[in-house]
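The two complexes that follow have subunit A in common; it is paired with subunit B in the first and with subunit C in the second.
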Partner chain A sequence: MSLGEVIFVVICLVVALGALGAVLSNSLIYAVFFLLLTMGGIGGLYIYLKTPFLAMMQILIYLGAVGVLLIFAVMLAGPFWRRPKERGPFLKGVAGLGVSLLSFILFWRVLRHHPWEVGPQGEVSTSRIGRAILDRYPFAFELISLLIVASILGAIMLGVLSRQGPPKAEED
Partner chain B sequence: MRRWLREQFDRYFGSDPVRLLFALGGLFFATLVVLALLYWVVGKVVTAGLEAWGWDLVRLLLGLLGVMVVVFGNALFLVWAERKVAGHMQIRIGPKEVGPYGLLQSIADSVKLLAKEIITPRFVDRPLYLLAPLLIFVPCLVAMVVIPFDARLQVRDINVGIVMILAFSSLTVLAIFMAGWGSVNKYSLIGGVRSISQSIAYEIPMLLSILPVVMMARSLSLKEVVEAQSPYWFVLVQPVAFLIYFVCAVAETNRTPFDLPEAESELVAGYHTEYSGMRFSLFFLAEYTNIFIVCALATTFFLGGYKGPVLPGVVWFFLKTYALIFVIMWFRWTFPRVRFDQLLNFSWKFLIPLAMANLLVTGGLLKL
Partner chain C sequence: MELFKVDVLGRDFLAVAQELVLLSFALGVLLLGVILKGDRRRYTGYVALFGYVLAFLPLLGAIGRGYEAFSGMVVLDPFSLFFKVLILVVGFLVVLLSLDYTSREGIAFGEYYALVLLASAGMMLMAGAAHLVTLFLGLEIMSIAIYALAGIMREDARSVEAAFKYFLLGAFASGFLLYGMALTYASTGALHLREIEGVLAQKAWLTSFPLVLVGLGLLLVGFGFKLALVPFHMWTPDVYEGAPTSITAFMATGVKAAAFAGLLRVFFTALPALEGHWRELLWVLAVATMTLGNLVALRQEDVKRMLAYSSIAHAGYIMVGFVAATELGRAAVLFYLFAYAFMNIGAFAVVALLGRRGAPNTLLEDYAGVGFKHPLLAVAMAVFLFSLAGVPPTAGFMAKFYVFSAAVKAGYYWLAVLGVLNSAVAAYYYLRVMVYMYFREPKEGLQTGYPSFAGAVAILIALWGVFQLGIMPSDFLALAQRSVQVF
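On to the complex of A and B.
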């Protein structure tokens, strides 16, 4: 294994570790920080693939913006009695399996059946990325911005939920 | 001491001479194996590195060493300068006992900090508490790597240098929040939360005020931004952007009048209340390095960086940077601390629309 491959494997391990930690940790704050570890690791993968611009954008957006907002949301979230009702373990398991199966099939199909073309080797320049986003793939680019709509909706929901007072029974 | 050593020795190896022999032999072999492994790994890395990058690697290591020197030298100087400036602003003299003009004062201070006991409070959230002082230092070092101190004096000219600095500088907030949360102290936590909302509010106009510069220089490399300012500095073409950037820089480094995350009179010391000794001084060092970095960036983006007549570039660069730092210190003794709603309103209702308008006008004029 060459040095580059070793680095690649280490980054992959970091990403996997962060993802596992985010899912398995009990504390919400730790889950957020593990998620940020995963995001940083993905930034490392971009550097490995010689697209420093994408890597920096990954860090700027996912560590700087989304991460800080997540922590902010954790701080703003109401106390525990306002948590939505948790489903039973059976429903949770079915939902988890369904989602992972769906995404697995999706990734499998995309990876196997898409005609991948290997572009020219070497560093990808910023202007080429800009042209690709705005000329060739504007639809995908706009689709990604749904993320922002979803997060705004989530923020509004949190705001509305925290405006309700505590239930009367728990006050005395 | 000797008795204790002997007890430890007995505990691990016993008094039986044969066991002792085996233990020593094992230790010897273990050391050999570890040394061989280390030698092999280091050799591999060094040869691979030299093959891949050649003398670039040596240059990089030297550059990193230089960065460390600048970081520590700057912090030592700024601690002294801050006290001296504060003194003269209040018609006092400031430090004068240690060395000529009190110049060695900060060295004495750092020796004191090194000698202090490192206390870990019992109920802290240990991983976060210990990680925070280390993490807060990463963005400082990363930013130092790409700043051009002179036309040829730059550790690495990365073609996305500006994005890199901005991306990593947002990590500072995460580290501050880690410190605030990990300390399990209400003052620390309030400091951390304040820091987050402040950073969200001021990062946006900061980015928006740098974008016109990038548009005019047509590059994301710091060196090319400096080179693009050859007839006149960008501060003449973009005065609004410069002012917005400078206000945001003061806010991002948590300096007065925006020092709410560590407001002494309200929060003890804010997010670093529970830290002592070297851990505290790491926060301190990071803060002074951040001040240097934002001023160095202001110099690079708006004041022509290392460009200037007669004197060599490095001198010009440091002159401009320290002049800006002096202005920031001046702010501290001129403006009272703002209230929190004033702070947020100022950014969201004034700075962001202004920066947007500035960006639009710049874009329109460039396309004309």
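On to the complex of A and C.
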């Protein structure tokens, strides 16, 4: 086994370990951290596949944004003794095994039977993606900024308290 | 690599000129909301109204042209123009309806109108999308603005619940849509709608790209959510009930029209090779949507909820024209969407005007005796309900007539029969409101009605539309037929 393969196997083990921990752990917050481990491992897989851009996006979006979001959600969910009782590790294991088997069969069949179009060879580098955004897709790029305007506006409206002060009673 | 070329102030900008007008007004209204103080903030509504009028102007140069702009990201053709006009009319009526409604409910003004304008621009981008990326971004701009608008009445728990429900489920639906687009891209290697069609037409696609079928299914789930097709409709009643009434009208007409525009574009431009597969699927969806919407609407005690289920049922009727998939069928879809916009906004406008601050008065019992307390509003409501039920000489009748006759001509007799049976069932719950308005004693001490000149104008325009499309539909149908000749 070459060094690259060893690294690959290690990354795969990290991903699998994180997934197992996320499903089997009894505490929600531990489950979140295990999930983040898996996400980070997948970022490693992208680096192994020579797609640094995807790896960066994976780390930025899943470890950064989604991770923070999940932790916030756990914080908002109230103390753990008030949560409904969780299923035991045995049931969780059975459910996890079932889902993994099903997806394994699905992916295996898709990989076996689907003729994947192989794109033009060559490294997909960050600079090429940057060029594509500004040379070929600037319209989409502008639309995304519009989307951000809409999101910020919506967030401010729903999150920040009303400027008008408390509502006045209706005068008849 | 093909470089991106922009023809400044020329063809490219003409294709999105209407969106640009709406967007500049959205930002202007937002600023104005900060500059103006106190009660004068409501002038932002009039500015937004002016924006919608001004956005009609680029039509003058755009009618009759057909080309793709911005390197194939958007397309200007009669189909996109038809939907843009529909979206402008819907937006105009919604802002007109909102002018007094927002004052009454104490809603923040500048942001409200800015979001309505942004949502309209997103809808227009969907109608003019020639590329899956534009379609998705248009859909998201529209959806995010609508999520916020649904929850704008923050003191009202139901409004907040509506926003939250719509946002969470909508985010999942967007995920499905995006997954569908990704699988379509994975199997065809193209995101441009005409390129996808070209790839699928060349090869025996079922053996070379079986994944495109999964993509089709996921796309349908994503669109089905926005259209509130059964079984993706669960959110509709709660969200329609909780959102401000003006926004409910916007969701039921504008969002539906834009989603149908996107669905027509994707299915008829990009995926006609798969028609044999999606036709049967849509047949089932159409029947399930009509039937469930109508049956559940029978038991509703809240007029807003009843109209929500009725809007589900109407999406089912529109799908009937979609399943027929002939030129008449597609034209009938366009005609139906326009007719539906007038009658539905009209009905919601009456619902909005009968409410008061803190007392929406949307229960069926609250409508008892409205026929005597507010005779003019009650007559308008009766016309809109007759139109929704499909009684001649209203727009609703002609719309149903075209949709069902398209189904019969395409050989879908059972579909047409089920549709007509459904309309008969639906008549019951529309007539029930009228029975309450005219044959029940008013509840003691219940105050209804909030005078609104702008709301009355909106109702008058909607009434005009209902009768115009109902009595003289042929010119308009011809226009719809010309618009769908792009496929």
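Keep this in mind: the second predicted complex is superposed on the first by the 91 of 172 C-alpha atoms of A that agree within 3 Å, B and C clash if a C-alpha of one lies under 4 Å from a C-alpha of the other, contacts with A are read in each partner's own complex, and residues count from 1 in each chain.
FYI, contacts are C-beta pairs under 8 Å (C-beta built on N, C-alpha and C of every residue); 3 or more make two chains touch, one makes a residue touch a chain.
These figures come from a predicted structure and were not determined experimentally.
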First, second, both or neither for A:A16, with subunit B first and subunit C second: neither
Which superposed partner A:L102 touches (first subunit B, second subunit C, both, neither): neither
Touching partner for A:A65 - first (subunit B), second (subunit C), both, neither: first
Subunit B versus subunit C as contact partner of A:S151, first or second or both or neither: second
Subunit B versus subunit C as contact partner of A:L49, first or second or both or neither: neither
Partner chain in contact with A:S2 - subunit B first, subunit C second, else both or neither: first
Touched partner set for A:H113, first subunit B, second subunit C, both or neither: second
Touching partner for A:R131 - first (subunit B), second (subunit C), both, neither: second
Residue contacts with subunit A in the superposition, subunit B compared against subunit C: C
First (subunit B), second (subunit C), both or neither touched by A:F139: second
Interface residues, subunit C side, partner subunit A - complex: 1-4, 23, 30, 70-71, 73-74, 104, 106, 108, 111, 114-115, 118-119, 121-122, 125, 131, 133-134, 137-138, 140-141, 144-145, 147-148, 151-152, 154-155, 163, 186-187, 189, 208-211, 356-358
Residues of subunit B that touch subunit A when the two form their complex: 44-45, 48-49, 52, 128, 158-160, 163-164, 166-168, 170-171, 173-174, 177-178, 181, 193, 196-197, 199-200, 203, 220
In the complex with subunit B, residue positions of subunit A that touch it: 2-3, 29, 33, 36, 52-53, 56-57, 59-60, 63-65, 67-69, 71-72, 75, 125-126
In the complex, subunit A residues that touch subunit C: 110, 113-117, 119, 131-132, 134-140, 143-144, 146-147, 149-151, 153-158, 162-164, 167-168, 170
